[in-house]
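Look for subunit A in each of the two complexes below; its partner is subunit B in the first and subunit C in the second.
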Partner chain A sequence: MHLAKHWRQKAAYYRLEGQRHRVTGEVRFPARQATVGESDEAAEAWEPFVLSGKGEIYSFSVVRQAPAGFEYLAPYPVALVRLAEGPLVTAQLTDCCEDDLFIGQPVEMVTRRLKDTGKDGVLVYGYKFRPVLTQVKGNG
Partner chain B sequence: MQNVYLAGIGATPVGEHYTRSLIDLALESLRQAFVDIKYHATPSQVGALYVANAMGEALAGDAHLGALLATMAGFQGVEAFRLSSAGASGGVALHQACMAVASGVHDLVVILGVEKVTDKLQDAQEASLSLATDSDFEAFHGITVTSQWAMLMRRYMHEYGYEADAFAPFPINAHANGTANPEAMYRFPVKISTYQKASQIASPLNMLDCSTLADGAATVLLVSERLMREIGNPPVRVAGRALASDTLALHDRPDPLWLSAVHQSARRALHQARMEPADVDVLELTDPHGIAAALALEASGFVTRGTSPRHAADGGITPTGTTPIATAGGYKSRGDIGGASGVYQVVELVRQLRGCAPSGQVPNARVAFAQSLGGVGATAVTHILVRDD
Partner chain C sequence: MQPDRPVGILGYGCYVPRYRIAGKEIARVWTDGQGGVPVQSKSVPGPDEDTITMAIEAARHALARAGLPARQLGGVWVGSESHPYSVKPSGTIVAEALGTTPWVSAADWEFACKAGSEAFTASMGMVASGMVNYMLAIGADTAQGRPGDALEYTASAGASAMVLGPASEALAIIEATVSYATDTPDFFRRAERPYPVHGQRFTGEPAYFHHVGSAARRLLSDLGRTPQDYTYAVFHQPNSKFPQSIAKQLGFTPEQTAPGLLSPQIGNTYSAIVFLGLSAILDIARPGDTIFLTSYGSGAGSDAYSVVVTDTLLERRDRAPRTADYLARQEFIDYAMYVKWRNELVVG
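The block that comes next holds the complex of A and B.
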């Protein structure tokens, strides 16, 4: 577990915090550093911004051959989600079954435990997405 | 700039080599490559050793491979180092090595791709492979490279109106060709009925859409024109080479179905060789899944967007088609050798251009196209190889 690496992303992982451009209103997620050649002024036009967590499925898959740390979850659905504010984000889906999923399906962010924490026992939380509750067909 | 030639080749069979170490495999392929040039150049003439390896730390327990393999090979003292760029390591090593010979710094350099993965179980392999993705925003969520390709395949099916079995011609072609390749891992044909019954790995990718990570080593000897004449093998020249980069994360790309680094590297390499896609006789793509080959054919300019599966169904990717791929079995039948894959690709294309491929020989092949990808095309390296006599 990369504890400090995880901690540094807490705003993104727990609040879905990205950035919004003060002038154009464009939203990006995750937050980015200034690029080479970008002025300090231009970089500062990007302000912290918490996204709504609403979006729809751009595409999805179900992982059956899981990396170490995720075996206990397999099989688990993953998706590219087009957020309402524009950015695409990659995350697991939850509270659903594969047969109910479709491209274009409305989803919303929830905070869940992400991986088996191993011997150091740190609880690793982050965002997942679930079908918007009114859209769930049956009990899955 | 001097012309650069691929003079000698060697490769081990791809597979689960439980009894053999990374060093064993590396040396076998190295020795073969010098036998291939009949020792017309000797190890004492080697200017540099480029070792391509993606996952040595995590899966082989070795990371300092340049010096290790140079000394084991009897090249002690030579300039030797490792290049690691995920699955593109082999292509990157060749790209860098070409510059050393083209610039006149060296007359003979060795590119050795080696990967030893089967000492570890699948969960460790998957974790190691997933380091090719964005660690904070993809791997952190349990995303694998296979699931990235799977999501692209589903989106592709959605946008262009295909069913999953439209991708069946890719593994069927790969296995048909690999059956006769003694170095291939899976030497059996695959039928459409078998494909349709295969279980899911990362939907919509099924087991027969997915390559297997395996052990192996491959070597190519890169030489100047002067040395090529002395060696006397059929001359295969590197006529174009280009490396391009893209975001690791799919979600950071404006159009995830367009592999922009693939496009840039293919366009630049073809331009350098003063060629068009139609001039290419045979291709080696990074094709662990049909969707990967499909998107690479499109971004490289061989077919228009949305048409790759139809092109494959029409026989376009077979040895007698307009874009023959996986003539030695591709990633699916030969096996996915991680960072060594890019070197295996070049070994196969040199055989094709010499007219001595053990399987899937394309008649009168003169121009070959090698494309090595890391991650989902975050690193893309394209080489154009030309038979020069």
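The block that comes next holds the complex of A and C.
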């Protein structure tokens, strides 16, 4: 069930928590642990930081042959999103279809159900992005 | 019931999914389009949405309006009859997503369509007693109706969130509340069963009208008020007709209830609906306006509240999307897509 894997990622997945450098203000996502050879001082210069969730589509594609567990969503768009703070993340787009999308489009983070791991498993929640709510029109 | 320490709403947030299904589309499948429909359309959760995801979005808006860091919340309480887990609280996941953990009371409330109202009244008590300064009360549901049942036309999805705190910091003050509850078998769902059933003759008059009417009349009497003393009123909305009928019986006018009457467009969002109606009113209300609110939950009970808008509303209103923004982004789907998303297809 990979319970520990999902649990460990909850801060990043649920609320887009990364890290910010205390001196330079640089933001990185996802958060990283200290790397081999890095001093304690250098590692501790990074503090937890919740990103704004604002960004724009850097590029996108549409998944038509979905991996196991995502078949019911297909076809669904996946994008590289350039976040307002700088990092580039890969994520599903939601509440939209291919025709709604363009490169450079403003998007915002939402927490959605990423995966159902089965009737005796957990529901995995995490970030997706959608076109900015107040700029969306429907077919109604 | 009036709090010793005055309590108010510091921030409010709403959420309605993007998708809709028209009543006439459901009727096309089940009745060959014959007969009337109880609402024009209802909201449908997307395939990656549930009570928890909708609660999170509404809660983020409520915190944004309150201008309150999530860690200051003393509690995150989620009322729903469609918690995604039978055992594992929605409240902890919502609290984690907001960044409120670990020093917080996280809990789930249940009372059919009144679960959000339960969380709201209990949150009033927490603030009024001085045990905590700020509470987050959420009502959220992805309601289920048996395919072909009358309920399928109305059982919809949405969420509302209210940050409660000291009245001195509030955009609206909750003057008083009353609760009225009896054992009434009007609507229920046994454990392990997928769909609820109506308790035949108990639906309607002995359930909704008796409980909503009793709570509403008692609160008006306790405060020495009449319906004319209120600018707006919201009643629980299981369909379009019931809230308009009870409003008329009590002496409220269509002008008072129209801004908060959302069920014709989005159906019955269960635990969320009265607070979504309140959100829609707060989106347009002016300082000094008064709002009368009455919830209803099958089983059965009603909570009534009297609310007064303060000057603070004007500076906080535009910190988050309005209810109308969610109502406007409607994307209609057909019955086939609706069935696919509800996992009612056996794919093997």
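Criterion: the second predicted complex is superposed on the first by the 132 of 140 C-alpha atoms of A that agree within 3 Å, B and C clash if a C-alpha of one lies under 4 Å from a C-alpha of the other, contacts with A are read in each partner's own complex, and residues count from 1 in each chain.
Note that in this section contacts are C-beta pairs under 8 Å (C-beta built on N, C-alpha and C of every residue); 3 or more make two chains touch, one makes a residue touch a chain.
None of the values given here were measured: they were computed from a predicted structure.
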item: Touched partner set for A:Tyr125, first subunit B, second subunit C, both or neither; value: second
item: Partner chain(s) touched by A:Val78 [first = subunit B, second = subunit C, both, neither]; value: first
item: First, second, both or neither for A:Tyr14, with subunit B first and subunit C second; value: second
item: Touching partner for A:Ile103 - first (subunit B), second (subunit C), both, neither; value: first
item: Partner chain(s) touched by A:Arg112 [first = subunit B, second = subunit C, both, neither]; value: second
item: First (subunit B), second (subunit C), both or neither touched by A:Thr24; value: neither
item: Dominant contact partner of subunit A by residue count, subunit C or subunit B; value: B
item: First (subunit B), second (subunit C), both or neither touched by A:Ala66; value: first
item: Touched partner set for A:Thr90, first subunit B, second subunit C, both or neither; value: first
item: Overlapping contact positions on subunit A, where the subunit C interface meets the subunit B interface; value: 71, 73, 92, 114, 128
item: List of subunit C residues in touch with subunit A within their complex; value: 18, 20, 41, 46-50, 52-53, 56-57, 84-85, 93, 96-99, 321, 325-326, 328-332, 340-341, 343, 347
item: Subunit A - residues contacting subunit C, complex; value: 10-11, 14-15, 17, 50, 71-73, 92, 94-95, 110-114, 123, 125, 128, 133-134, 136-140
item: Footprint of subunit A on subunit B - complex, ascending; value: 122-124, 126-127, 129-130, 134-144, 146-147, 150-152, 154-155, 158, 200-205, 249-252, 256
item: Sites on subunit A touched by subunit B in the complex; value: 5-6, 9, 12, 30, 58-71, 73, 76, 78-80, 87-92, 98, 103, 114-115, 126, 128
